[in-house]
Structure formats: C-alpha cells, structure tokens
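By written order: A, B and C. Residues from 1 in each chain.
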Amino acid sequence: MDELINKLKKEVITQLNLEDISVDDINPDAPLFGEGLGLDSIDALELIVLLEKNYGIKIEDPKDGKKIFYSIRTMAEYITEHQKKA
Amino acid sequence: MPSRIFVTGLGFISGMGSNVQENLTSLLNLRSAIGPIRHIETNLKDELAVSEVLMTNEELMKYAGLQNTEVYTRNTLLGIVAANEAFSHACLNNHPGIRIGLISGTTVGGMDECEKYYQDFLTNDSKNSFISTYDCADSTEKIADNLGLKGFMTTISTACSSAANSIMFASRLMKAGKLDCAIAGGTESLTKFHLNGFNALKILDKQPCRPFDATRNGINLGEGAAYLVMETEETNKKTGNTVICELVGYGNACEAFHQTASSPDGTGAYLAMKKALDMSGETPDTVDYINAHGTGTDNNDLSEGRAIEKLFTGKVPYVSSTKPFTGHMTSAAGSAEAIISILGLQNGIIWPNMNFSNPMPELQFRPAGEMIRSVNMKVVMSNSFGFGGNDSSLIFKKHGIH
Amino acid sequence: MAYINGIGIISPQNTLPGSDFLEPVVEHTSEFLKSIEPVYKSYIDPMASRRMSRLIKMGISSAKICVQDAGIEMPDAIITGTGLGSVEDTEKILGELSKEEKFLNPTPFIQSTYNTISSQIAINLKCHQYNSTYVHRCFSLESCLIDALLQIEEGTAVNVLAGGIDEMTLNHLSIIRRLGLWKREAIRNLDLWSSKVPGALAGEGAAYFIISEERTDKTYACLAAVETLYKPESTDKTAETVVRFISENGLKPEDVDLVLMGNNGNEEHDRICNDVIEHALPSASHMVYKHLCGEYHTVSGFALYLAANILRKQFIPSSLPCLPKSPGKLQNILIHNHFWNTDHSFILVRR
C-alpha cells in the first residue's frame, strides 16, 4: 500500500501540474479537495483520466469521484480493490 | 433615441428540419431530433445520443445550390443554408445602398475537416486546401461570399452563447448607426473534437436529455445553424419587409466563477436576464415565456432555475428548454432558440419541456410539461449561457404592441 | 472616439513593465518570433495557473498589466480578439484524437475554447460585466476595438479592457508553411526587409488596452476610429476607403503624419500595403514594424501599442526607421493591416 501511495502522489503531482508541491508535502490522509490541496472539479475529471489511463479503472459517474478522490489513501484503496476484481 | 430593431427574416436548419417551416412542423408534432450518431466516425458512435442534421455534406451542397469550386466544411454548409433562407425571406437583394452586416457565432469552425486531416497537415501536402478552412472566420466569410455581402462582418466565439452575442452585437451596431441591417446568428457542426471534449467533462447524457428534471444527467449535443435578419425601423420603411417581431432587450454578463461550471446561485444568469429586462422596458410579470438555456446538466439547470426564481419572484412565467427537440446546438443554440421562441410568439404556443417528469426539489416552479396552444403572447425571453460563465439573454416582442 | 488609458503588452520585444520603449531591440533567429514572457507568478496565483497553457497565462498577465497601468480597479467590460485561440491546447487534443479516442484530458478542451482567455481574465479580476470574444482573422482585435468604442458611446462602460492575443507553435507553423505564404526557414528578424527567403515572418503576442471615456493624466492617445474592409475589388478601392475613413474623422490626407504599415516580408502582401498607402496618402511618412513582432492575426495590437507610445512620448525608437523621412509633427497616426488582401483594417490614433 505504501508503495502505491507514493506512486500515486507522484502521478497526481504530474497530472495536475502541482509544481511547487513535493511528495513529502502530501499527507495521504488529508483531503485533496477543498481545504486540503485545494483541488477543484476539473482536477477531479483529470484524476478520472489518470485512473483510466494508468490503472485501467473506469469511473462512469463523476459524482463517485467525491468518495474515491477524498484523499490519496482512499484513491489507493479504490485502486487496490478494483484491480483485484479485474 | 436609438432606433428600434425589427426582425424581418429567419433561417434555420437543425436535426428537426432544413428550414424554418420543417422545424416548426417538427416542434408542433413533438418530434425530437435526438438519436444515434450517423455521420461522424467516432468510437463514441454507439455510446452517445446526439441531434444531427440528416443531410450529408454532398446533400447540403446540392440543397444550397453550391458548385464544387470551393472547399466547404460542414459548419460552413449549415451556415450557408440557414443564412440563405433568412436572407431570401427578407428579400434584401432588391435594396442597394443598405449597409448589411454579418455577425456569426461559431466555436468549432472548420474542425470537422481539420480533425480528419490533421496528420496529413503535419506530414504531407494532400489536404492543403483544408488548412485555411480550419479557423472560425472561414465559415463567416464563405456565408458572406455566397450572399454577395461586402459590408462589416465578424465572428464571435463565446462557446454556447456565441449566437446570442452575435444577435446582440448586430443590434448594437445598428443602433449606433454603423449598419442598417444585419444577418446574425450562429453555426455549429458536430465534431469528434467537441464530442470527446464534452465527454471528458462527463456532462453528456447517453439518454435523451431531461432539462429541469430531478433525474437529469447531462447534455445531448446537436448541430445546425440559425440566422435572423434584423433591420432598423428606418431601414424597414425603405425595404417594406414584413416585421416578424422586435428585439427589445438584451444583456450579457459574466459569472467570473469557474471555467466551465455555473455558480450555484446563478449570478451571471440573473445579471444577463436583468439587463435584458431593464432594457426592454418590460417587467417580470409581462414576460410570457422563457426559452431557458436548460442544458440538462445538474449544474446549469439548478443555477439557471434559481436565477429565474430570483428575477421573477413569486410569478415565474412559462419556462421550457427546447433542447430535447434540437439537442444542444452550442454556438448556434442562441439563434436557434431565439427562432423557436419567435415561432412560439407568432403562433401563440408555449413549447413543452419534453422528457420532464420529476420536479427538482430545489426549485419552486416547474417547466411547461405539455404544449400549450392559443396563448396570447407578447413578450418572450431566450437564454444562452456559455463556458466561462458567459451568459446572455434576449427579449423579443410582438410587433405593433405598446 | 475614446482614450487609450492603459496598455499591457507581452511581445517578442522589450515591452514588459519597466522596460524602456523598445530598447534595446531584441534579435530573434529562430523559426518565429516568440514572446518575452513575464514571471507569471507576479500576476496569477500559482495554484490557479498550474493547469493554464502559455496563451492563457499571457492573456491574463497582459490584461493585469494593462489594468495596473491604467490605475483602475475594475474594467466595465472585457473583450478579447484572437485569430486562433490556444493553438497548443488544440494541438494536444488533435494529437490525442488521431491516436485513439481515449484518455482525453478535459483541461486542453476547456482551454481550446476561444473565450477561455476573456473568462479567465474575468475570473482573475472578479469582473461580472460584459464579456465577449471575437475570432475573425485580422478583424479579431479590430472587432474588439469597435465593440469597445460602442460601449463608450452607449454609455454602458467607462473603462473597457480590450485586447488581442495569438500564439505560434512550431507544429502550427509547419502546417501553414504548406500554403506557401510563410518563410520556410528561420531568418534573423532584423534582416526581414533584406532577406532573400520569400514569405511572411511569423510571430505572436498579446496586447490589452484600457479604452476610456475620458482623457486623464494616464492617457497615451486618442483612439479615434476603426474601420474594416472585406475583399476590396482593387487597390484603388482600398485607397478610396482610406481617404473616406480619415475624412469621416475630419482629416485630410496630408493631416496623417505617420502610417504604420502591415508589411510582413511576403512580397505580394507587401506590394498591396505599399500600393494602398502610395495611392491614398502619398505625402505621409510611413514605417514598417513587423520585423519586431512578426505576423499574426492580432498584430494590430502591437501596432496600436507603438502608435499610442509614439504619440505620448513624441518620439520614434531607432528600430523603426521612417520613410521617406521622419514626420515633422506627430498628431495623427494611421495603422493599416490586411490578411492576404481579404480582411483590411484601418485604425486611426490621434494625440
């Protein structure tokens, strides 16, 4: 899990162009949206593309994103769970 | 005292029909143009519901009476068909000396051919004739050339409010005495480019769209073109054209909120409608009908609904979104829906908001569920809102009523 | 008629705030003249700018520089002209779509929409007022200025933020080069007028202006009028339009002190520029300027920046030699431009 979390942090930083943020700056349990990293709805759509592209996981309803993208850890958990299924 | 602006010509092509009469017939028969993708080669072919103009490009060429001497994109062909109809309707060719302008809205421009030939553009000379048809101005200039227009022309792109803003700018140019008459509206063909773009935003519904319904789930994109011929009161004395109605108000405002989303309270929508209403000299209780932008997305319909409730406190007029008929014609939506509103005004009909069954819990009012005939209508409002919170509202009034 | 009370310009020359009027002149030797960009962090919050492509950042920054230069809090309208919008974002999508229709990112699509620049400026300034975008080749900026002048005349605005912006990319250049109108190899920009390589030299830039109702101590010059002309039948016809245009503004041909000409290095294009001015304004001093900024759809913005500064400073930089001689006075400047003899535009700027 820790390995996936680290990998995800790097991918999120690249995908969302978070230039001034390093892997160590992101707390895996802190919220990505709102008060945490301050991401917005377009970032959520970018994260949907990331999951599809890098992990082959498709999210049809963007509303599901809220839970999945709550934090890096929730993302990692979702990926682990859904890759098992496949 | 600035001149009054009269509408004297209409031209309209959409999935519902190739001219105003065919579109009217479809509206009267509640015939939606939403269906599967036919013309565009795309992986989304079996996934999405859209509204396409039935004619192929070759058929459109023939319909418009065009020779094969020029390269025409679909956007241009649709624009030529609608502009020709509007222009012939108002018989402007017989009146030399009148300064006629053309203001056209489009955002995809010649992207339909560009996306097919992009790799050729990069690697070889085989598709060079399409390189200069890619930009937005190409369709405007070819529409002008086809009609023999040499006067002022420009192209507006404010996404889904482009055509409404074109009508607004044309009117302002006439009031300022820069033009006597103008053809204004918009054209937009479906492209793989924006089908995929909207799809990436996750706002396309696979089912027919359900504006203002609690279960709404997004947009059906559509294509087509619509143009209005407008002239000043003074010019109308010279042309003697029959006045269809009067453009009495317009307003544009910006949400300044988000690149794509509308603000939850509908600030931009409210400001645009308010500006239009103030200019028109009408009051909230004299507006008979609002043709809402009503895209069918979660966000738009809530934001627009709240803005309507705020402006029309206590007594919301008949409201409907006609996008379940036409699909979302994006840059052409403003003029297409202006014409649909005008057809309602002419015929005393409130167009139904098709596919509506479940009221939104957040709103007090419900859209018109069924077609209502024999309504004494005087004033109609048409809303068009675009990306970047670019919101515009137009108000048309029956001619001869004070 | 209105006043130019603020300018924000990002161009291939030294035009950022604090720079001396075009000094020193910047030499470019690459395929096209690329803009000298500011430190964007000074104008856009990094969190907001992280997804933005270069064009959007140039647009917001030049708009903010302009508003600051005018010393106003908030414009009453925001109007942008752009021939092509964000070429970089459009190319990204076209590139993706030609591979497979999968994994398309939403950001380039949003940014490829032409009115993103105007709306991002509005978001940045929190401006809820009138917002529009014109996308008509060499009428794009001109349409903005016409709209701005109308706003002032209508009394709906006191200060309008209006500007033009376009970017060039190597990909796009390689495509338009196929049309045979553009230089097929890099040259030194300062050698443009003596270069043996045929065709226009490509460039880019962003220039925003505060167009105001009133003359203030910030005023650069007066934007007297803007005219467009579509597909003129002949050079004579174009020249006639010039004479009519300036006479409608109360001027005789000999009152025009200086003409900023639209020459771009393409022989046929330049011949039309020369003929028009020779026919219409034979006694006016004239200069060419596109060796400094290159050719692009909204290049009149660079010319308007030049005209406004020349009138305010009453000084012409050495990188802009006048023919046949320097004007005796600097009161009235005419800017002429055209797009392959299809879209001609004329902007009259007065002291």
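In the analysis below, a contact is a pair of C-beta atoms (placed from the backbone, for glycine too) under 8 Å apart; a residue touches a chain by one contact, two chains touch by 3 or more.
Nothing here was measured: the structure is a model prediction, and the numbers come from that model.
When chain centres are defined as mean Cα coordinates, A lies farthest from chain C. The chain pair with more C-beta contacts between its two chains, of A-B and A-C, is A-C. With centres set at the average Cα position, the gap from chain B to chain C is 30 Å. The centroid of the Cα atoms in chain A and the matching centroid in chain C are 42 Å apart.
Residues of chain C in contact with at least two other chains: 102, 104-106, 110. Multi-chain contact residues, meaning those touching two or more other chains, occur in chain B at positions 200-201, 258-260. For chain A, the set of residues touching two or more other chains reads 42, 45, 49.
By the touch criterion stated above, chain C contacts chain B in their complex at residues 78, 83-85, 93-95, 97-98, 100-102, 104-106, 109-110, 112-116, 118-120, 122-123, 125-137, 139-140, 143, 146-147, 150, 153-154, 171, 174-176, 178-179, 228, 230-231, 342-343. Chain B makes touch with chain C in their complex at residues 42-44, 106-107, 109, 114-115, 118-119, 121-122, 125, 128, 131-132, 135-137, 140-141, 144-145, 150-159, 165, 169, 172-173, 175-176, 178, 192-194, 196-201, 252-260, 267-268, 271, 386-390.
If you check the complex, the residues on chain A that touch chain C are 16-20, 38, 42, 45-46, 49, 52-53. Within the complex formed with chain B, the residues of chain A that make contact are 40-42, 45, 48-49, 61-62. By the touch criterion stated above, chain C contacts chain A in their complex at residues 46-47, 50-51, 102-107, 110.
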